[in-house]
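Look at the two complexes coming up: subunit A is in both, with subunit B in one and subunit C in the other.
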Partner chain A sequence: MSQKLLEVEGLTTGFRTQAGQVLQVLRNVSLEMQRGETLGLVGESGCGKTTFGMTLLGHLRPGGQVMAGSVRFEGVDLFGLGPDELAKIRGQRVAVIPQSASSALTPTMRVGEQIAEVLTLHLGLAGAELQERVLELLTRVHLPQVVELVRRFPHELSGGQLQRVAIAMGLAGKPELLVLDEPTTGLDVTTQAHILDLLREIQESTGTAMLYISHDMGAIARVCDRLAVMYAGEIVEDGAIDDVFADPVHPYTRGLLGSVPRLSYAGLPQAMAGRPPAPGEDAVGCAFVPRCAFADETCKTIDPALEATSRAGAIPHLVQCHHWQRVLASGASGQMRDLKARMEQDAEAEPLLELTEVDITYAKRGLAALVARWRNEPEPPTTVSGFTITIHRGETLALVGESGSGKSTIARTIAGLLPPRAGQIDFGGQDLASAVEGRPAEMHRKIQIIFQNPDASLNPRHTVKQILDAPLRLYFEMDGKGRLDRSGALLEEVRLTPRYLERHPGQMSGGEKQRVAVARAFAAEPDLVLCDEVTSALDVSVQAAVLELLAGLQANRGAAYLFISHDLAVVRAIADRVAVLYQGRICEVGPVAEIYAPPYHPYTETLLAAVPEPAPGARAQLLAKDVPEAEPPTRGCCFQRRCPRRIGSICDDEAPPSQFVAEGHIIRCHIPLADLGESQVDLISPAEIATQGAVVDGK
Partner chain B sequence: MRSLSAVPMRVAQSLRWFAHIWRSLRRSRQGTIGLMIVIVHMFIAVASPYIVPYAHHDIDGKNRLAAPSAEHPFGTDSFGRDLFTRVLLGGRAAIGVALLAAAIAVLWGGLLGILLAFIGGRVDEVLMRLVDALLAIPGLLVVLLIVVALGTGFSVLILTLGYAYGVTTVRVARGAALGYVASDFITAARARGERKTNIVLRELIPNLLDVLLVEYVMRASWALTAISSLSYLGFGIAPPTPDWGRMVFENQVMLAISPWGTLFPVFALASLIIGINLAGDALSKAIGLDRSQEAPT
Partner chain C sequence: MLKLIVQRLLFSVITLTIVAVVVFAMTDLLPGDWATAYFGKWATEEGLAAMREEYGLNRPATERFAEWVGNALRGDFGDSLTRKKPVVELIKFRLRNSLLLGGLASLVTIPLATLLGISAGLRRDRAPDAIISTGSIVGMSTPEFVIGTLLIWALSVGLGLFPSMTLGNPDAPIVDLLPNVVMPTMTLTIASTAYLLRMVRTITINVLTSEYVEMATLKGLPRARVVFRHALPNILLPTINIMALMLSGLLGGTFVVEVVFNYPGLGRALVDAVSFRDVPMIQAIALLWAVMYVFFNLGADLMTTFLDPRLRSLRG
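Let's look at the complex of A and B:
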């Protein structure tokens, strides 16, 4: 049997527009995969990653067509097959695991039945054998209590568990190739780390080849041996993952890697200018010319071809660039700059927002609460409890924690959208009314929110002009001309042009939309901006640009940020102070430099250890189980059930004391500080890893 | 104060919106056919008084129950009245009533539905129970009862139908609005301190125009059916105004001798209702396709 599992040759695909034009998506893609190989595919949004992944299943989107080339799976051309033959290969020999597990599962069908269905379809199993195999698969993906789990419905599982079920379904037909399209995007760091670990383990034990599509370089570093970089539908670099990460030779790969914030480095990543071309914006020569610092006349006229670099190794290193030698000679890549003007730790800094002992609950109120009590419904637990924090003028306070830890709840309460059950909120030394309706207009202006997903936070029916008009109209007395000028100026400030004023959100890219949302917040000239996961829906390259924008605006305007994020590397790049939240309780709070160095709170340590760094050899560690907790414990430490360093019954019974580590740095834990200082987690810079070949491995 | 420059912007926007609706209708074959049928009917409704060869009450004593001829293209009825004239004129009253009734239905039903979705809570709960109870009674029955009690007449018909179909619209509009009230852009508007009326008018309603338009078309088609049925039963448009429903009733006894007096009005009514429904279906399908997916202009 040949070693080659998959051969893609000169594959060019396109789709027909309404005007009847055919626009190219993939261009002349050639790539081979060996049996058992794990290949990562990275590239910005819209570069054609998903399109490519789907062609490996012989699938095209509606309107799509193969214009040239072939995809051969074990020598058989997939696009030459009839629907019946294709169906035999799909799901069984090549399986796909989509980004959102919930979309792959039928909500009204029990988890066990869904897996059984796949098994019956592909392997023709039935009866006891079928049941046995279902349980085996679920155990295989390390799901707990499988016998009971098969009877549950998808909505009764957590995000991480759902993704495990989706993986189990993908594995059901014992595929030789697994296509994973962003399988961990949207999951918590800890959950993601467990899924990545599982994938690696499956690969090692079953020898399944994997194509792992992601824009998360860290995740790819964790799972893959080889990396391919896609730009504008072309493979521009392809090689062993260590080679590519250590010293990428294509300018685009360098730009991408440079956009990734590093846990080990406290600086803003370098944003890449421009955006990838959309299908149809073809140009002669190299597609990267407008964004490339190395471009010259040759690049503009001659299409570079994929060629082998001089680097020797088991996996050939290929690059598609005329000047890769020059790029390589130009020195180290992935420069980080500390663009952010960091706040001096200044005891004198004026407090802007003070929350004292705030409790928040989603419990029913008024009549509904009476009804609930009458019906003897249990009272829902407090989502956030005893939350005390101060945000100073002009500083960035980051709030980190897993999903469900109450980060957004706190932002909603500060914005006046969800009144707290107890506690005090002061803004600028004055008591802040709990409901937004009860606050003076001046207060509305001073506190602004930016949401995670600009698709949802911008009204699809409004033009950018109307979107920016809203705050200007509300807070400032300006005539139409004044507002128009101001909107234009705001767009310039977020590095868009006034030409965008007439556009609708649907006519902009994700990054552009998020910039409009930023511009809307800054139109109010706020004192405090609540940023709720503002970069998590964005590409790394766009994320870098938005982070840079936020840092720049803060330097110019002096606004304070409450920066909510689950991405610890991003937080390190942008925050002055960090509060770590578990189940609505603060575990640790302190200046950013202190948080990212021992002594760590056990939960902070768990989070930090789980972050996959995009560096060769860097391995995440799994310190705690990824079981989600529905309710916080009633007594003792909130982290007691998952804590890897639990010291005994004292953790269950007594609330942990606040230990003062340094000025403004508090850890709430029973373990003495001296012991907390001895951490297994070491944040080393990628450069160090590369040179010393150090490996941080939990196993 | 609203600045002057806002007005042309609004106009340009609504023009763009209509152009968008037009494009999406034209995209489907059925939509195009439906639209053409509706346009022909509307043209006839408006222009018929100027193009009909006779007055609707003119009697040709020599030609009763005549078959189509050059003189009477659709034949004549039992009084010797020209059927061509009566069919062309026979839609005017019904179409007028249907359009106005549907407008009233969508106006109050749409607004109430949107408001209920926005306000939520107990008001919403109680009123929706009421709406459900009202919906349990067949609309035509309600209309029939009211018309019998209050007597026929254009204003009674329009208001009654407008009320009856508005109840359905409350439900539809509320459902559509619910999809938006929890979205981040509404939350953003609330957090910004925007007044409630502004949130409904500026943020919510522009997103629901498509749904309301489809709703209007569908209600107009229902109302047309309802009026024709009422007229047939003798409770709708009263003679001497010519009306399709009434014509069918008057001429059906002669069906065996001369089918023309029944066939032509039935064909006219059926074609209009089919046309409206074709266009309406294409519209609602087009709405699933969001405007944001169109290429930048």
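Let's look at the complex of A and C:
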């Protein structure tokens, strides 16, 4: 029997538009996988990663068709099979683990049944044996209280638990190949670290081959042995993960790797110019030409073929580029640049926004609150409690923490969308406690928001001109000509051309839309911009550019940012100061350099340890359990239930004291600073990154 | 669960109270009163005075409202102005007839529309879907009186199968009404099936393109299991509320169809009452309709809450 588990040969898929035009999604993809191999597949969104993953199950989304080539699983062409034969392979020999388990599990079925049906179908299990096997699978993926869990419906589980259920479901048929489609996207970093660990463990114990689709280089580095890079529906580089990470030979791989912000280095990564072509924008020659620094006439006319590089190794290193030798010889790429002129910690700096002992709650109000009080229901702990912080003019304060930590709640309160329950909010000498309707227009102008998802925050029926016109008309007395000029200038400032004025959001890429959202916020000439996960919905290649843009605008305009993010590497690149939040309580606050160096608050340490660094062999550490907490504890330290360094009942009973580490750096913890200094977390030093670059130089 | 039912019942009572106020206010606060409405341009001072005296119209509106509600709760809606008989007596049989017609129409419509809608959704953009969808658009856009007339032409005039109109009294025994109810039922069924099946089709398509159905397919499950176990419950849940609305519409009597077939139902009674300005009758029928809408929606909500695990744990 051949060792090859999977052979994809010259696979081209596409769909036909209503006009009869054929748009290719995958273009001449050839790829092999051995038994037990873990292959990572990366690329920007829209490049065909998921489409490719689904073809390994002989599946195409409605409208899609195979135009050429084949997908052979153990020699059998999947697209030559009938539905019955395909069904025998799906779930049993090739299984998929979906991106979002919450939408991929049937909401009306109990999770136990959804796993059991795979076992019944593929392994013919029934009765007690079936029940036992379901429980075994759920235990296998480290889920607690499995006996009750099987009776639960999907909506009753947390995101991390659902993802584990989906993994158990994938493993149920004992498949030889698992297709994982962004299985940790959307999960908290601590949860992600646990899931990645589990996947590695499963791979080691079962020898199941995995195709791991992700845009997250760190996650890939954690799980995979081999890496394939996809661009515009083609594989452009394919090789052992160590080789590709150390010496990427395709300019695109270099760009991708270079644009990932590193936790260990406080600089902004290099952004990649341009964007990938949409299906149908096929040009003659190499698809990467418009974005490539190495392109010449040959590239524009001749489509490069996938060829082996000179590197010898157990896993062949393939690249699809005419000039890979020149790329390799050109030296290190992806240099980190400390673009941001960091604010000096200056006691003189003028405070812009001061929150003092702010409590915020989503608890019932009005009639419902009266009823609750009448029925003597205990009041739930406030979502945000005793939140005290100052943002100075021109400074970036980052709020970090897992989902549910109250980051967005605080932004909503500052914006006036959710009135605080108690406490003072002072904005440039004015009281900000009033809700948004009660604030003067000038206040609205001074505080602007940029949201996570530009698709939701920009009106799809408005042109960019209309979008930018609104704040200008609202806050400034300008005639139509003046507003138009100003809109054009704003677009230039966010590095778009005035050509974009007539476009609708639907005609722009994600990065371009987010630039428009940035331009809209800055149209009001704000003093404070609330940035709520502004880069989370963007590809890494684009994220770097948006971060650079925000840093540049701040330098020119002097606006302050409240930068909300779950991504600790991004925060390190952009923030001046960081506040670490857990369950709406500040654990640690301080200048960015202090936060990313010991002593750490145990929660900060947990978060930092969980981030997978995009370096092979980097191993995330699992310090705390990823148990979701619905509500903060009523007394004591907010992190008591999950803390890996809990010292005793003092943590449960007494609010932790504020320990002053350095100027402006406060850690709220019962553990003495000296002990906190002995951290288990070792961020890769900048020197090591430099070494990685040097290796490239040397070759 | 019990708490929820009690809570929802309470809300229904509040809704009905508001409806009662509105119904009463509508007929009372408009210019003129029962008496002027009843006599119209033939009103004389003496006639108006006598009538106001007889029905106590000179008392304050709040007092009359309280009396009206009090009597209504005991099932007494007063006497019809034109027929001089208790409203309840007059409405009783018409309600029965409407329930018979609407009930039969619903019995056919709901399974038929669900079946057709799901089949169309399953074979989206292929021949069966094209036929069903086109048919439903034709059915929806053809007015009921046209459908009714066509049926009379084909089945009564042409084949002589059923009587084209009802000649008996509203209180005729159900058995006597049966031949008369067939064609109105068919008319209503065609119109409401066309409407409902389009809704079901859209929901079906949404569910079938959902990630969980794709996932179920990728688990290697047979198509039948994917459709019946994974998709079907999620298709039916949102249709329950649409069906409830449709049911209350059908059972409350449908004026056009009742007129076309001269069928003695509630819809016609209301139109007659309006044209004769028979205020007690109008009030009673309006309130009856409100009760039916509230009742069916309440039933649908409780049913979805009971059947949908997401709502169940949310509302506990």
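The working rule: the second predicted complex is superposed on the first by the 679 of 699 C-alpha atoms of A that agree within 3 Å, B and C clash if a C-alpha of one lies under 4 Å from a C-alpha of the other, contacts with A are read in each partner's own complex, and residues count from 1 in each chain.
Heads up, the rule we're going with is that a residue touches a chain if its C-beta (ideal position, glycine included) is under 8 Å from a C-beta of that chain, and two chains touch if they have at least 3 such contacts.
Owing to the predicted nature of the structure, the values given are computational and were not obtained by experimental measurement.
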Clash or fit (per the criteria above) of subunit B with subunit C on subunit A: clash
Touched partner set for A:105, first subunit B, second subunit C, both or neither: second
First (subunit B), second (subunit C), both or neither touched by A:117: second
First (subunit B), second (subunit C), both or neither touched by A:134: neither
First, second, both or neither for A:173, with subunit B first and subunit C second: second
Which superposed partner A:202 touches (first subunit B, second subunit C, both, neither): neither
First (subunit B), second (subunit C), both or neither touched by A:91: second
Shared subunit A surface residues [contacts with subunit B and with subunit C]: none
Subunit B residues touching subunit A - in the complex, by the definition given at the top: 3-6, 9, 122, 183-185, 187-194, 202-203, 206-207, 290-294, 296-297
In the complex, subunit C residues that touch subunit A: 209-223, 225, 229-230, 233-234, 237, 308-310, 313
Partner subunit C, residues of subunit A touching it in the complex: 54, 57, 59, 61-62, 83, 86-92, 95-96, 98, 100, 103-110, 117-118, 121-122, 153, 155-156, 169, 173
Residues of subunit A defined as touching subunit B within the complex: 367, 415-417, 436, 439, 441, 443-445, 447-449, 451, 453, 456-462, 465-466, 470-471, 474, 479-481, 484, 503-507, 520, 524
